[in-house]
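These are the structures, in C-alpha cells.
In the two complexes below, chain A is the common chain; its partner is chain B in one and chain C in the other.
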Partner chain A sequence: MRPLRNRGPADSWLPVRREVESSGTSVVYAAVADWLPDDLQRPGLAAALGRDHKRLLEMNHVPNRSRFVASRLLLKSAAAAVLGATPDELELAYKPGGRPHLRGVDQLDVSLSHTEELLVVGLTRHGRIGVDAENADRRMLGLGTERQVCTPYELEAVLAVPVERRNGELVRLWTLKEAYSKAIGQGLRFRFTEFGFTPEDRQVQMLRPDGTPGAGWEWSFHSWLVDDSYMVSAAVYDPGFGGRGPAAAARPLLPVVPDPRLSAR
Partner chain B sequence: MDDNATTSGGTALAVLVEEAARILGRPPGLLGPGQHLQHDLGFDSVMLLQLKGRLETRFPVLREVSLPDLLLGVHTLGALAGRLERTTGLPVA
Partner chain C sequence: MTTTVNRAETTEQAVRERIARLEHDLGDLDDPGNPLGADHFLAADGRQQLLPAAERLLDDFGLNAEFVPRELGGRLDRLDVLARVLRAVFRRDAALGLGYGMTSYLAAVVVWADGSGEQRRRTAELLLGGGRMAGAYPEPVPGNDFLHNRLTATRAPGGHRLDGRKEALNNAARVDSLVVFAHTPEAGEDAHTAFLLPGPGAADVDLLPRRRTSGIRGCVIQGLRFSGHRIGADGLLGVEGGGAILAERAFPVTRSTGPSMALGCADTALRTTVAFARAHRARSRASLRSARTRSALVDAFTDLLVCDCLSLVATRGVHLLPRESRTLSAVVKYLLPTILTEMVYDLSVVLGSESYATSGSYGMFQKAARDLPMIGLGSAGTAASRGVIIEHLLRVPELGADDDSEGDCGGLFRPYDDGLPPVRAEELTLPAAGDSLLASLPAAVRSARAARGEFAGALGEAADALATELRLLREDCARLAGRRPAGGLSPRVYALADRYALIAAGAACLGVWHHGAGPGGGLLADPAWAAMALARIVGRLDRTAVRAPEAGAEHLLAEVLDRFDDARSYDLYATPIGR
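Up next, the complex of A and B:
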C-alpha cells in the first residue's frame, strides 16, 4: 500500500475505490490548496461541514481554519466515493475522545490528519485506522520531546541512527504513535512511552518498552515519505472478520463503476 | 472541562505565556489567558510536547506528570496555568 494523491474535487476517486475494493484500506493525501474553498463564507459550506461548521466559527487561527475546512471536505468526498454516496449525505461526528466517524456508517472507518500544506485521510473497511502526518524535517530532537515520545528501547535505537537522520527517525516514530493512538481513539490521552516501534531499517512492528514484540497480527503499521517532504504513518487494525484474499475480493462493498471523467482526459 | 475552572495564579500564567510565546515566536504581550491553544494560537500536538518540555525546565516536578495529565480537558492558556499551579504546587524554579 502507498498513499494515493488526490488533486482536488475534480479528480477521480476511482483509484481509491479500487484500492478499498481490493485491499480494504486506502490512505489518500492532498494539498490544502486543492480543497480549500475560495470563500469560507460561501453559501453551502455550512451544509457541507455540518456540525463542524460551528467549530470552524470558533477558530481564529487562519492556517488551522484552512486545514480544518479542507480536511473535512476531502474526507467526506473520499468516503462518499467509496460508499457510493454524496458528501452531503454523510455526517462527520466525533467520539468523546475526538475520534472522527461517519454517523450511521459502520462499514467504513476513517481517520484524518493535516499539517502545514498537507491533508491525509485514511479509509478502511476492515476494522480501524489511524493516520498522522508531519513535516519530515520538523525539528523534534533536542527540544525535550524525545523523552516524552520514546520508550527506553527507542531512545537507544534513535541514538544509534546516524546523526543526520536522527531527527527524521524521531518524526517517524512520533507519527506512528499518533496514528496508533488515533486508531484506538486515544489521541494525546495515550502515554507514548508505554509502547514503541521497530527501528527504521525493519518492517514496522509495535514493541513493548523493552523492545519485545507488543501487538498482535491484527495490527499493521506503515510509514511513507510523501512529496519528499512529509512523513505519513498509518495504523490499521484488521480483526480478520471480513477475511482477505480472493474470497474477500469477490464480495465488493459497492460496485466499482468507470469514472466518466477519466475517459474525458 | 477545565476551561471554566478558576485560573488564578499570575506567576504560573506568566511563565506559561513566556514559554508559549517562545514556541510561537511571538511577543508575550500578544498572548492572554482567554486564548485557545489550538483555535487561537495554532498549537498542534508537537508544539504541546515542546511546551511541556519547556515547562519541565521551569517546574521540574512536571517531569513526573504525563502529557495527558497536564493537558486533558484544558483548552486555554488561563486554564492551563490553573492546571499548572494545581499540578506542581511549587514556586517557579
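Up next, the complex of A and C:
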C-alpha cells in the first residue's frame, strides 16, 4: 500500500475504491488548493458540511478555515466514493474525544490529518485507522523534543541512526504515534513517551518504553515519504474478522436498504 | 452433576444472594493466593485456553441453570437477572463468559423459542447436567468470516441431510448439542430451517482448524464441515422453512442480554484503571490529582451507567414490551460494543505503557481491551441491528410523539422490580404499534425540569437538549417516511439510525432516574449522574449542545472511588464483588 494522490473533485476515485476492495485500506492525499471551494459562501456548502458548517462560521483564521473546509470535503468525497453514496448523504460526526467518524457507518472507519498545504485521509473496512502527516524537514532534533516524543528505548535507537537522517527518524516516530493515538481516539492525550516503535530498518511494531512488545498483531503501522516533502504514517487495527479476498470484496460496504414498507410482514 | 432449583430463588433477595455466592466463590481477582485470581486468568489467556479451575467452579455453581427456564427446572425467569449473574463471570474473563456461558445460551434460546416439548425437555436436561451447546445462526448481510454460514439441508427419507460449512463456532469440538440454521432450498428460494443436532461426533462431521482471534483467546473457535450428515425428523426445530422467523424470535433475547453481560468486562477495565491511578503519587500524570485522569474515570463510569440503563430497558422490554423489544435489543447490540470498546481506549491514556502489560497488577486491562472488540464481531455484527432500527424509523416515524401518556412501562426502568411476565416468544416478531421508550420521554423531561438540588439545573438543560434532538429526529424521519417507497432508501438512514440509538439511550437514562427518584433511591435518584449521562449522550449527537456540570463530575468521581474502596461493581447495581 502507498498513499494515493488525489487532484481534486474532478479526479477519479477508482484507484481508491479498488484499493479498499482489494486490501481493505487506503490512504489518500491531496493539496488544500485542490479541494478549497472558490467561494466559502457558495450555496450547497452548508449541506456538504452538515453540522460542521456551524463550526466553520465560528472560525476566523483564514488558513485554518481553508484546511477545515478542504479536508472535510476531501474526506466525505473519498468515503462517499468508496461507499457508493454522495457526500451529502454522509454525516461526519465526532466522538466525545473529538475523533471524526461517519455517523451510522461503522463499516468504514476514517481518519483525517492536515499540515501546511497537505491533506491526508485514511479509510479502512477492517476496524480502525489513524493517519498523520508532518513536513519531513520539520526540525525536531536538538530542541529537547526528543525527550517528549521518544521512549527510553527509542532515544537509544535514534542515536544509532546516522546524524543526517536522525531528524527524519524523529518525524517518522512522531507521525506514527499521532496516527496510533488518533486511531484509538486519543489525539495527544496519550503520552508519546509511553509507547514507541521499532527502528526505521525493521517491520514497524509497537513497543513498550523498554522495547518489549506493545499492541499485538491486530495493529499494523506504515510510514511513507510523500511528494519528497511530507512524512505520512498510518495505524490500522484489524481484529481479524475477515475483510480480505474475494469473499470480502463481494460484500457490499453500504448495502442498499430496502424500504421495509414494501415488504409485507 | 444435575442442578436442582428451588422455587424461592426468584425474588430480588434471592437474586442478590445467588450473585453474592458466585462472587464469593470466584473470589478476589487481585488476591495472588486465589486460584481464580487475575494472574491465573491472564496465564490461561496466554495459553489460549479457559481456566480449568474456573470451569470446575461454574460446574459446581450450576451456571447452566441460569440459561434454563424455570418451568424446565432451571433458574431463568428474567433476562435482566441473567445478564447480572453472567457479569460476575465476564468481570473475570470474557472468554469464560462466552465459552462457558453465552455460547450455550445462544443455541438454547432457539430451542426455548420454538422447540417441541421433547426437544425443550432434552435440552434442559442436557444443560442442567453440565452439557454445552453452540449455535450456527444464519449469516447476516453483509457478513464476515466469523458469521459465515454455508449450510444446506435437503430432504431425505425420514428427515434431512446436511451439507456445507460453518466457518467459526465457539466450542465446536466439545459441544454436546448443536443448533444449526441451514438453507433449505426445497422449502423456498431463501428459506432457512433450524435443526437440533447432537455434538459433532459423527464420521460425516469434520472439525476445521482453530481460528486465531486477537481477543477472547481462551475460546476455541473452529469451523465444522458436514458431508451428508443425516438429521432425523425429531431434529427439526419448528417448521421447515421457519428458520428466519425463529432467528427473529431469538434475537431480542440474545441482542439484549449478550452485550449487557459484557459490561462486566468493561467494569474490570475501569476498576483496574482506578487501582493504577490510586497507586500513583500526586506528581504523576496518572494520579487522581490530574484532571485528565479524573475526567477519564468519570467519563468511563458515565458510559457504563448509560450502557446499563439501555441494557436494563432492553432486557426488561423483552418481557414487558415484546413487540418493541426487537428494536430495543437492536439498539443495545448496535451501541454497546462500540461504546464499551471506546471507553477502554479512553481509559488507556491513564495507564499509558501499562495498558499493554500482559501480566502484573494491571494486566487485566489489556485483556479487556482485546476482548471487548470481539463481543460485537465488528461492523458486520452491528449491521443487522442497524437494519432493525431503520425499519422501525420507517414503520413508526412518529416515534412515540402521538402518545404522551406513559402507559404502564415504568417497570422497564426499575432494576429491582421482580414479577416480570414470562417471555412470549411468538409475540417477539409482531410489528410494534408504538415507541413506548420515546413516549416516556416528555414526562421524564418534565420531571427533570422540576428536579431540585445542586444538579437540577444541569439535568433540566440536558433533558431539554435531548428532547430537542428527538424533535429533530422526528422531523427527519417524517421527511423520510413521506417519500414514496421506491425500493432502496437513501444512505442517510444510517445516520438517522445512529441518532435514534443515542436518543433511546438518553431516554433510558432519564427513565431510570425518573423512576428511581425519591428518598432511599441512592445514586440512581441523584440528578448528578443523570445530568452527566445525558450530557455525554447529547454530546455524541451535537458536541456543542450542552456542557457536563463540573461539580457533577466531582460527585461521580467520589462514587467511583467509594465503589473501588468498597469493591462494588460499576453499573446500576453496585454489586459487592469478590468477597
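The rule is short, and it goes like this: the second predicted complex is superposed on the first by the 242 of 265 C-alpha atoms of A that agree within 3 Å, B and C clash if a C-alpha of one lies under 4 Å from a C-alpha of the other, contacts with A are read in each partner's own complex, and residues count from 1 in each chain.
FYI, a contact is a pair of C-beta atoms (placed from the backbone, for glycine too) under 8 Å apart; a residue touches a chain by one contact, two chains touch by 3 or more.
Because the structure is predicted, anything quoted here is derived from the model rather than measured.
Participant: Once the structures are superposed on A, label A:E91 by its partner contacts, choosing first (chain B), second (chain C), both or neither.
Facilitator: A:E91 sits against chain C, while chain B stays out of touch.
Participant: Look at A:W174 in the shared chain and tell me whether it touches chain B only, chain C only, both, or neither; answer first, second, both or neither.
Facilitator: After superposing on A, A:W174 lies in contact with chain B but is clear of chain C.
Participant: Of the partners chain B and chain C, which touch A:E134 in the superposed model: first, second, both, neither?
Facilitator: In the superposition, A:E134 touches chain B alone.
Participant: For A:T145 in the superposed arrangement: first (chain B), second (chain C), both or neither?
Facilitator: In the superposed model, A:T145 contacts chain B only, not chain C.
Participant: Which of the two partners, first being chain B and second being chain C, lies in contact with A:N64: first, second, both, or neither?
Facilitator: first
Participant: Look at A:T115 in the shared chain and tell me whether it touches chain B only, chain C only, both, or neither; answer first, second, both or neither.
Facilitator: Touch status of A:T115: first partner only.
Participant: Per the overlay, which chain contacts more chain A residues, chain B or chain C?
Facilitator: After superposition, C is the partner touching more of chain A.
Participant: Given the touch rule stated above, what does A:G216 touch, chain B (first), chain C (second), both, or neither?
Facilitator: second
Participant: Looking at A:P162 after the superposition, I want to know if it touches chain B, chain C, both of them or none. Which is it: first, second, both, neither?
Facilitator: Neither chain B nor chain C is touched by A:P162.
Participant: From the superposed pair, tell me which chain A residues show up as contacts to chain B and also as contacts to chain C.
Facilitator: 189-191.
Participant: Inside the complex, what are the residues of chain A that reach chain B?
Facilitator: Result: residues 58-61, 63-64, 115, 134, 138, 140, 143-145, 147-149, 174, 178, 188-192 of chain A touch chain B.
Participant: Touching residues of chain B toward chain A in the complex: what are they?
Facilitator: 36, 38-42, 44-46, 48-50, 52-54, 56-57, 66-68, 71-72
Participant: Can you check the complex and tell me which residues of chain C touch chain A?
Facilitator: Counting only chain C, the residues touching chain A are 141-146, 148, 212-215, 285, 292, 299, 338, 342, 345-346, 348-349, 352-353, 356-357, 370, 373-374, 377-380, 382-383, 386-387, 390-391, 394-395, 431, 485-499, 536, 539-540, 542-544.
Participant: Taking the touch rule as given, give the residues of chain A at its contact with chain C in the complex, in rising order.
Facilitator: So the residues of chain A touching chain C come out as 51, 54, 83, 85, 89-91, 93-98, 103-107, 125, 127, 151, 184-186, 189-191, 194-195, 206, 208-209, 213-218, 239-243, 247-248, 251-262, 265.
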